[in-house]
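Chain lettering (A, B and C) follows the sequence in which the chains are written, and residue indices restart at 1 in each chain.
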């Protein structure tokens, strides 16, 4: 058949193309998995510079950098653990750490860490290190980049609504008042915060704090406090008529913001490139401030970190060396400067050139108040029903199916059901 | 005056054309809209409706060049095409060999075997993905082309479809060929295969779509960038908290759709030719 | 064995398929079945826990919700999808030459789009207030609908995307079937005075029998395994999936979440087998209906 022979021809041609480019092994080759945006453009160039600096000092070591999207990192690491093919050094979100510990992908680096000079260890944010250390003697990760959520404000919308944008809202009450004015002026105040677990956590932090958030694994119960949750649910009820109906992470939300239809967006700094482009090309006027709290001395918002983990196995020693090199102040400062991104290395954040960057200095401030999203980390993987239950009851209460008190009570009861085995 | 051979313009004809055009718009406009988003300035809001035309060709070309320069997109095209070509070839060959027997001949164990294969069609892939992955890994096939291709070759779906079509081949044609002295394999090759050409082309298209869109399997089997498929490269842009702007994300997505579109357009001609040929033969 | 020798050509011809099938389908299915009775994280030795995975699933809220959504989804999307596809096939078939291939190609375009692309496009079309669809509704004075976040509309929004994508696929299969119906049959019917509608009911539909059966069965099987469209439309991740109040939570999504989000591979396997049983029952039902219709 003509079709078949054509097939064979093209197949053999393609085999020739596809088989090239499979690298030969050297003395030691480390697989280094990073987030996809760290393996593109300028970020990739800098990562490759770190690699070449490191390999210059460690002859015979070769490092393959591999970029992956968020979910792909997790699926790849878990599948790799099952077949004994874990990357040697890799990134992920700290929230996924428990799963990675469970499948043995993350080595205990406690002894290596303790063997480092005090001068290195003291560079890091203390609470971030604590999050990587679920119990004494067990440390599973180095905190890397991170964020504290910020309140992005569209200044044009605020002006149109008759609000003076020079003074950011100091309390929740002021903020809600502004939101109502925006709505009255015919624009949207805020995305629907009830849609996503992280935006709910951002709102919870306005009234509560980390002492009543997360899971108590000893008793397998939620730490959420019913009174605080009821207060927070009331906020969702108040916001319900003011929202755009899109979630914090929707691309459509960014679009509303760019087109001067949305006043506030509580989110991490990753939206900034989009907003910056829009203000360069168009006429978007925006800024970012801290999310107000119930009282002027408190702030809402969450913090979350990416981590660098090291796999157990024969390359463990050199993999640790590399991980500790990348997270060292010198590198973290260069990294922060290039991407204008906050990270967990306090010493790097205090570098004058770094702290001069507005997005970073605001993030440093935000993180002081922000609440961890899903503590405690690295203990056990939270069952999927946990976050979906929180989201469900917040949505249902915002829809008017429950009063805030009922919603909080029912939510906590169901969370405890979900956690019980 | 229209020529007498032409059909008269009836209400039915008008409605038919109106419906056909409306459906075509519904099917194609969203893709056109997407192209218009790609060919617009970065930072321009996506939601200006209706976007009927591209607003900046230069900006779109710049985005495409940026993506080709910064990711292994071209290599991923190669990997994906090879993956799809080998899979199609294998599925068609192995599936048609087996379908020929299952559809036209009786042999011991046929019913049980076919039932088991059909039952497997009903097991969601998510159940088998981890055991299959572990098997592939213990064969040493991670990050290889055979690791991508071979586990998907015994397509129960392909078999099901080909058996349905081959079942329609008249038995006396097979008998006639046998009386002419054709061997078993020759009957398969010279009689059965040409008769189900349309089904094979259809299966080739469906297999291509499925392979091209397959995401989970390449994700865990081909973890090295050298072996990334197009789906994985696009996945680099689709991360929800990505720092990329929307239009760049859409560009990466759109580039992934071009090969399947071309593939389909080329094979459409094949189908038409195949039908025309069988018509003249009869 | 004489029968083995007599059928040697048969066995040789099916051997490649059978070998690959046993290695890459049967073995994983059987081992998945084995793991479904175990507590297994994919790495450590599986621990036998009897029916605990199954019990846990049957008592879990999300399982019930996913199955409920699935029932609604299948009962609408399968008949609707087939009806639309059949209609499109007849429509395309009524054209000839260049226009027939033009419309066929146009209707097939959504099929060739990768799922993530289709989802991205539709998320924009469905956007509240300023999305394309709400803009068109606005022309008729209909207030904006939050298609992907309003629990009443979410499943229909999914079904619309689903039909948009799958109609072209099934249409091509129907068209291949239509081409195999001898023209003489229509000729004869026309001479007998049958109108278009009668021709469709009495010739096209019965002659498409096997193809129709194929399309129905395959639509049911693939609808039961629906995953990527709702996953992408709701912007799901392993940590959070299913959309507002779980209105677009489907079994395979829940299964993947339990596997890669919680690393409970045994539980995910059990989930898969409960779903498999449901698929088998439904397929048997469709076989039974077919038999009953024939008798």
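Here, a residue touches a chain if its C-beta (ideal position, glycine included) is under 8 Å from a C-beta of that chain, and two chains touch if they have at least 3 such contacts.
Everything quoted here is computed from the prediction, not taken from an experiment.
Need the most distant chain from chain B, centre defined as the mean of C-alpha atoms.
Chain centre farthest from chain B's centre: A.
Quick check: more C-beta contact pairs at A-B or at B-C?
B-C
Take the average of all CA coordinates in chain A, do the same for chain B, and state the distance between these two points in whole angstrom.
36
Any idea how many Å lie between the Cα centroids of chain B and chain C?
16
Give the residues of chain A that touch two or more other chains, as numbers and ranges in rising order.
70-71, 75, 79, 82, 249, 251-252, 255-256, 259
Find every residue in chain B that makes contact with two or more other chains and list them.
In chain B, 46-47, 130, 235, 238, 240, 249 touch at least two other chains.
Show the residues in chain C shared as contacts by 2 or more other chains, in ascending order.
42, 124, 127, 130-131, 235, 237
State the interface residues of chain C toward chain B in the complex, per the touch definition above.
3-4, 7, 9-11, 13-14, 16-18, 20-21, 23-29, 31-32, 35, 42, 88, 91-92, 94-95, 101-117, 120-122, 124-125, 127, 130-132, 135, 164, 168-169, 172-173, 176, 179-180, 210-211, 213-214, 218, 221, 224-225, 227-228, 235, 237, 251-252, 255-256, 259, 265, 268-269, 272-273, 275-276, 279-280, 283
Sort out for me which residues of chain B touch chain C in the complex.
Listed in rising order, the residues are 16, 19-20, 23-24, 26-28, 30-31, 33-34, 46-47, 49-50, 93-95, 97-98, 100-102, 105, 107-108, 113, 116-117, 119-132, 135, 150-154, 156-157, 159-161, 164, 167-168, 184-185, 188, 198-199, 202, 205-206, 209, 212-213, 215, 231, 234-235, 238, 240, 249-250, 253-254, 256-257, 260-261, 263-265, 268, 271-272, 275.
If we count contacts the way the header does, which residues on chain B are in touch with chain A in the complex?
41-47, 70-71, 75, 78-79, 81-82, 85-86, 88-89, 130, 133-134, 137-138, 142-143, 145, 193-194, 216, 219-220, 223-226, 232, 235-246, 249, 270
Give every residue of chain C touching chain A within the complex, in rising order.
Going by the criterion above, the answer is residues 41-44, 60-62, 123-124, 127-131, 144, 146, 149, 235, 237-242, 244-246, 249, 254, 257-258, 260-263.
Chain C touches which residues of chain A in the complex?
70-71, 74-75, 78-79, 81-82, 95-96, 99, 102-104, 192, 195-197, 244-247, 249-252, 255-256, 259, 261, 381, 383-385, 387-388, 391-392, 395-396, 414, 418
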